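One chain, chain A, appears in both complexes that follow, with chain B as partner in the first and chain C in the second.
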Partner chain A sequence: MAAESGTAAEALVGQVVLPGDLLLLPAHYDEDAEGERLRLSAGGAPQGRLLCGPGLRRCGAGLLVTKCGLLRHRPAGGGAFWVDSQQKRYVPVKGDHVIGIVTAKAGDVFRLDVGGSEPASLSYLAFEGATKRNRPNVQVGDLIYGQFLVANKDMEPEMVCIDSSGKSSGMGIIGQDGFLFKVSLGLIRKLLAPKCEIIQELSQLYPFELVLGMNGRIWVKAKTVQQTLIIVNILEACEYMSAEQRKQALAKLSGN
Partner chain B sequence: GVLERSREQLLRQTCEAVVLGALHPRTAITLVLQVLSDAGSLLSCCLNAACMALLDGGLPLATLFCGVTCALQPDGSVLLDPTARQEQEARAILTFAIGSSERKVLMATTKGSCSVEEMQQCLAAAQGAADTIFQFYRDSVRRRYCKS
Partner chain C sequence: FMQRGLDSQTKKQLEEEEKKIISEEHWYLDVPDLKKKESCIIEERSFLLCEDLVYGRMSFKGFNPEIEKLMIQMNSKCKEEEIEEDDKMEADVSDEEMARRYETLVGTIGKKFLRKRDQRVLKDDDDDEDDEIEEGNSNTRPSKRAKKMFLKPQD
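Showing the complex of A and B:
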């Protein structure tokens, strides 16, 4: 069986890759390479293990692409490769902060819909300052912002609203009013990037509260219903508008 | 009807061979294909649409696949992507699902009869045509990601 000749991974960084493409890693990532142990040059291969991120799987000598998208690379800390793909359906990942909707209360545990294939569970003790006597006031239909404690393909996902030191750090029940809507996962990642222009431009328009969930859900609350709906429409349209079109739309709105 | 069932089974077998189902246990993946117009080569059109849908949905795939239909005409010549009329006049219609890694055959179905050599000939022609389809996939995905 002839082996498929792959292309070097570093040559394809920033370009579109499709499932079935085989990426070859440079030789210095081989763990048992003989004669490579004594590396005297400082500017050589990065030390540490290579991280194989979403969209890639280890296969023999290289990485097999399993999702279509742009290949990204981060050389820091051993190096990481991943595929930046646009999709709308969310798969729970440990450590992600998401917005969940309470669908049921089953004894000591709340069931939350997070947009994955299974509902997540949230214990009533996983809130800051919650004890057996002091229960949090959560009703069916409430919105909760939390992070995943357990999320893998074999178990039901579990969420918590406290971090490892027991503080809530912004997580918990999301307040009354406001508007929840769904966007694609790529837009959320763009909005969460540091110094995002969209958020800065919008904050000059009206003051508003914003919660971004990695599962594609956004909650917005502004002073009036009309302002809230305007912000919702702009965020939904941001996916398909270029930067100039967005600036034009915002200029038109702030001129009114 | 029986014909739709048989097409469903063929599509299902091809998709099951390609989708990495081990990453999503206890989960059902449903693929719905709606025929808007049928001008011939319906099964290979369904295969191509299914592959693009799986690609767009972000499901983990081991390879891409495409469908190619060959019609064997009464004089022995091979015609690719026949129209409905050409399909009716042909002696045999062969549909292949071809994977993107090493152009492996994932599924083959025949309507009518043909000899082994003729089938090999059709298969070779289909594998050549698959290159064009995979290039089209690549260009479509490139266009989509370059917009953002």
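Showing the complex of A and C:
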């Protein structure tokens, strides 16, 4: 049993943490605060509960790191800590919007491949305006954008294409044509950040449509095949390009 | 235990013994109570709640107008100011015109649902307002109104 003393969580924000590191939280999160805790936050205690995100686990004294990556912190709304890690393999998580490929129809249920360990199931009633007589027109090989209703390690993941108020709000069958490709999960999160430069720069080039799934899949559709392929190549390459290289590449393209 | 004629003393002894037994059992339950205080940390595995991620379906330069509308809707849920602006922009008819319309509308539709008697009264009122010149008719009006009341049959 490693008897390591933990370090304060707020001191490590933005730095690399490894699995096994113990993070101590400021004393106001602990009811039985003992004098050995480091207290770095001088301000008032944030109200509400602390969110312990992916890569972290609650462990007695504080938070235990379970994945290697950069530690991030968000002070708003009660505070949140999580580990920003990189991976290619997707693990279904409840509430995530993903792109699935229909592999089979089994009675009233479609089987979708979402890139996880198991195929997800999608009931034909989980579409907007679907009734027993009015079935959605889904064929094997179609692309579907939906969210997870149930996703834990003990059960088969279930997806739906409507939200809690019964509206589809953009989910459902993705249309004809277009191009589907796979990238790493970290890039998807970068692209989905509130003000993403890559997306803003791309949107100046051509009119196109883009669907990003949290399982690493991206679907692109533009007016011509050539434009579609250009956008695909930029998105795949921009993971490893610096901002300047990307701007040079886009300048070349817009010049053509 | 419902024995008749139990002395009060023996009853007390029995109760004390029961309490002892129960309190001995309670002793084991005291320890778990302390652990219930740690409820200030929520664990979850989704990145959506940690970072402010945008909606995954996007369209640019008018490629798919429905999705562009959706983008504005979904992304402005965070910013309430934009929603208010949208509502003001979409009003084809101004508020004043709507108010004027409703004033007259309420009257006309209200008339539709009046019963027959009330409709006659309305007509008389209208005629009264219109016929200011014809004063001769004013004598017949009260008699017509009087007819509507119950007239006791004279013996």
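Methods note: the second predicted complex is superposed on the first by the 242 of 256 C-alpha atoms of A that agree within 3 Å, B and C clash if a C-alpha of one lies under 4 Å from a C-alpha of the other, contacts with A are read in each partner's own complex, and residues count from 1 in each chain.
The rule we apply is simple: a contact is a pair of C-beta atoms (placed from the backbone, for glycine too) under 8 Å apart; a residue touches a chain by one contact, two chains touch by 3 or more.
Computed from a predicted structure; not experimentally measured.
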item: Which superposed partner A:Gly170 touches (first chain B, second chain C, both, neither); value: second
item: Touched partner set for A:Gly69, first chain B, second chain C, both or neither; value: first
item: Contacts of A:Gly129 with chain B and chain C, given as first, second, both or neither; value: neither
item: Touched partner set for A:Gly53, first chain B, second chain C, both or neither; value: second
item: Greater residue coverage of chain A in the superposed arrangement, chain B or chain C; value: C
item: Touching partner for A:Leu18 - first (chain B), second (chain C), both, neither; value: first
item: Partner chain in contact with A:Pro207 - chain B first, chain C second, else both or neither; value: second
item: Partner chain(s) touched by A:Pro26 [first = chain B, second = chain C, both, neither]; value: neither
item: Footprint overlap on chain A, where chain B in one structure and chain C in the other make contact; value: 57, 91
item: Contacting residues of chain B [partner chain A, same complex]; value: 20, 23-27, 55-64, 99-102, 137-138, 141-142, 144-145, 148
item: Of chain A, residues touching chain B in the complex; value: 1-2, 4, 16, 18-20, 22, 55, 57, 64, 66-70, 85-89, 91, 117, 153-154, 186
item: Touching residues on chain C, where the partner in the complex is chain A; value: 37-64, 67, 70, 73-74
item: Touching residues on chain A, where the partner in the complex is chain C; value: 25, 29-32, 49-54, 56-58, 63, 72, 74, 80, 82, 91, 93-97, 145, 169-170, 189, 192-194, 196, 199, 202-203, 206-214, 221-223
